[in-house]
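Below you'll find the structure, written out as structure tokens, and then a few comments.
We call the chains A, B and C, going by the order they appear; numbering starts again at 1 in every chain.
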Amino acid sequence: MSSSVLYDAPGPRAKARYRAFGVLAVLGIAGLLWYAYDSLASRNQFSAAMWDPFQYTAVQQLIVNGLLDTLKAFGLAAAFSLVLGALLAAGRLSDHRPVRAVAAAIVQFFRAMPLLIMIFALYQSFFTTSPLWALVTGLTLYNGAVQAEIIRSGVNAVPRGQGEAAYALGMRKSQVMTAILVPQAVRSMLPAIIGQLVVTLKDTSLGFVITYTELLYAGKLIASNTATPDGYPYIPVVLVIGPIYIGMCLLLTALAKWIEARGRRGANRRTPVAA
Amino acid sequence: MRTRRTIAAAMSVLALTAVAACGKSGSPNAAPPGAPQLPTYQVNTGFKLDSSPTWVKAKQAGKLTIGAKADQPFLGFEDLTTNTRNGFDIEIAKMVAADLGFTPDQINWKTIVTANRETAISGGQIDYYVGTYTINDERKKSVSFAGPYYVAGQDLLVLKSNTDITGSDSIKGKTVCSVAGSTSIDRINSLGGKTVTYDTYAQCVDKLLTNEVDAVTTDDTILKGFAAKNPGKLKVIGKPFSQEPYGIGLGKDDKALRDAINNSIKAHEDNGDWKKAYDATLGLSGSAAAPIPTLDRY
Amino acid sequence: MGILFEHGNFTLFRDGFLRTLELSAVSAVLALLLGILLAAFRVSPVPALRVFGTVWVNIFRNTPLTLLFIAVNFGLPQLDVHLSPFVFAAIALSAYTGSFVCEVLRSGINTVSLGQAEAARSLGMTFGQTLTLVVLPQAARSVLSPLSSVFIALPRNSAIAGAFSVPELYNVQQTLSDRGYAIFAIFFWVALAYLVISAAVGLLFRVIENRVNRLAVAR
């Protein structure tokens, strides 16, 4: 941790103070958690009836199928959005003003548009028979626009000398881009790119507006189709579905860290990058 | 370090989910003993309707794709524990399918939510749709309707203990919940009620059970289903303040199929299946059926 | 395109637009405050707070926003917290966005050179003073660009609130769609509204960036 930069190694009194803070914080958080647990328990949120549906094979199958559909949409959208991102980034870095303008307009437009609205509109207009493709297209357009911005700022961050040296060697613009600038940009922006892929993964959950049967849709259906004496099991569903999403996203982040660490072994220099 | 431990924990949760293949089968939703029995329908295997492109395509494929709701208990409901559908709308869909020559195994159910119904029908995703689908002129521009097979009306669902809401004239200043973008909302607003909207009725009912809203409003059929599903806690007021004739939605130009479906509805109304289907589903709420409407053939 | 000017649609649309603005603004302020607090936790000398910050960020950054909305709307009432759908939406949005703000600030803090913090400490400043008087103001410059992405994403994320009883633009779109208008006509106006908001946020950040840069030069 870089934390040591901001404060001195604590002396005995500071240590005691930190410990006091720590104890207070732990007590406070534990108190809140206990209150939450206690209120939920007193409203029978942990009763057998609330959790009963998860015991059925058919329901487990529904969750697994939802998970697979989530991963399918994510895989397609991730691949397409990276391709689109590279294309749009190339457009924004073009030497031709009209190309730059068009690429910039596309990026600005899709970056501003709520996915929920875009997916719904795509489904109602172009992809009436395929919720999957409406979802994938919506995800691709938005995330492609964001990835384009990430790649572009990565290219801009490569020291100017790199490009100039390549031009001096007689390389064409496309060669400079593909051989020199983009590889370096992608390496330095990898955390941001993966960070956006995590967003893509989470946003597959918006498929529920067009009844794409992904994980969150499955969860919502389980909640709304199970009436127990104590109401509908929204909290159990959140407690089951939430960790699955968090787990997938953390895995993806871990993958990014691993790739980054591997890349660093070969690379000579690293710059800290905003995630 | 810390993140690594978090990841390990998350992975074990995932692993648990994957391993949990050992589970119960059967259903907690089984009907209580002595409950009215669902009718069974004779499949008309020799049926032919070559003038209907939808029917011909379905027959060749050997399966009929029917759009329905999945989250309306005793109306259009998917029992997730058994992977089966049940409810009054589902029964109507099944009796029609039988007359068109399709066995229950040949039905391919597809969940379609309110906002996507016209799109799903005109886009050919489904052969016909049965799910609280109110017939109106606006919709007739893009799809056509067989039926009506039931006339519902907007009503109010309240806690059993509630005494101050007695009908549409007593909701001024009350908080009423419905699904986003439905016409029920406009009516409540014009009656002076405060509205909140979620995207499923179960969410509204949950809000009603936790006392955050005073009433849930939509068609009485849907409300009856929820009342039956939460026995002893909720009641439907029973004074509908609109007319919602339910039709079976199908392709706009398929008159042959529309006529065939109308004939089928008529036959099952006459032989008592309609009544039996109601008693075994929405009838469990204790509310009587609305009278059988006359078909609107066009 | 004329749909906006018939049957009272304009009032509906205008109210939706204002509600989106209101929700985004309230959530942005809350998210900024929460983000600063969480970032302070994550670099603080107290281990318990660091763990809390890390766990918070990992949970809220990796949960789909829709799921957070469900958790807040149907979980908090079970804890006897009864608030309006608007407040619930603001809570969900700022808890989510705050975790992104935290990460941006934390990496910004890491870019401030070590000597600055060391100098502050050698002057006898406490952790709080070092962070708020020396490090954060300097981190501001490198943080502005990623922060603008986070706050451009906020209004578009706020659309999810439309499915949870906040009559904002997405909710308006659903209503108009249910009234039977053509999707293209609706989309045109809704898209325009979001473009205006996102352009305004972009402009705001450019103004701030200019001022920060000018301040830096003046110093």
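As a working rule, a residue touches a chain if its C-beta (ideal position, glycine included) is under 8 Å from a C-beta of that chain, and two chains touch if they have at least 3 such contacts.
Only a predicted model underlies this, so the values are computations on that prediction, with no experimental measurement involved.
**Q** In terms of CA centres, which chain lies closest to the overall middle?
**A** A
**Q** From the centre of chain C, which chain's CA centre is farthest?
**A** B
**Q** Where the CA atoms of chain A average out and where those of chain C average out, how many Å apart are those spots?
**A** Going by mean C-alpha positions, chain A sits 16 Å from chain C.
**Q** Using mean C-alpha positions as chain centres, tell me how far chain A is from chain B in Å, no decimals.
**A** The mean C-alpha positions of chain A and chain B differ by 35 Å.
**Q** Using Cα averages as centroids, what's the distance between chain B and chain C in whole Å?
**A** Comparing mean C-alpha positions, chain C is 38 Å from chain B.
**Q** Check each residue of chain B and list the ones that touch at least two other chains.
**A** Counting only residues that touch two or more other chains, chain B contributes 3, 6, 115, 199, 203, 206, 210.
**Q** Could you pull out the residues of chain A that touch at least 2 other chains?
**A** Chain A, residues with two or more chain partners: 120, 124, 208-209, 220, 232, 234, 246, 250, 253.
**Q** Indicate the residues of chain C shared as contacts by at least two other chains.
**A** 58, 74, 78, 162-163, 177
**Q** In the complex, go through chain B and note every residue touching chain A.
**A** 3-4, 6-7, 10-11, 13-14, 17-18, 20-28, 70-71, 73, 77-83, 111-113, 115-116, 119-120, 122-125, 199-203, 205-206, 209-210, 226, 229-230
**Q** Quick check on the complex: what are the chain B residues that touch chain C?
**A** So the residues of chain B touching chain C come out as 2-3, 6, 114-115, 138-139, 177, 180-183, 185, 196-199, 203, 206-207, 210, 212.
**Q** Which of the residues in chain A come into contact with chain C in the complex?
**A** Residue list for chain A touching chain C: 1-3, 5-8, 10, 14, 18, 21-23, 25-26, 29, 35-36, 39-40, 43, 45, 108-109, 111-117, 120-121, 124-125, 146, 149, 153, 198, 202-203, 205-206, 208-209, 216, 219-220, 232, 234-235, 237-238, 241-242, 245-246, 249-250, 253, 272-275.
**Q** State the interface residues of chain C toward chain B in the complex, per the touch definition above.
**A** 51, 54-55, 58, 73-74, 77-78, 82, 85, 162-165, 167, 171, 174-175, 177-178, 180
**Q** Applying the document's contact rule, which stretches of chain C touch chain A when the two form their complex?
**A** Per the touch definition, chain C meets chain A at residues 43-50, 52, 58-59, 61-67, 70-71, 74-75, 78-80, 103-104, 107-111, 114, 117-118, 121, 127, 130-131, 135, 142-143, 145-146, 149, 152, 155-160, 162-163, 169-170, 173, 177, 183-184, 186-187, 190-191, 194-195, 197-199.
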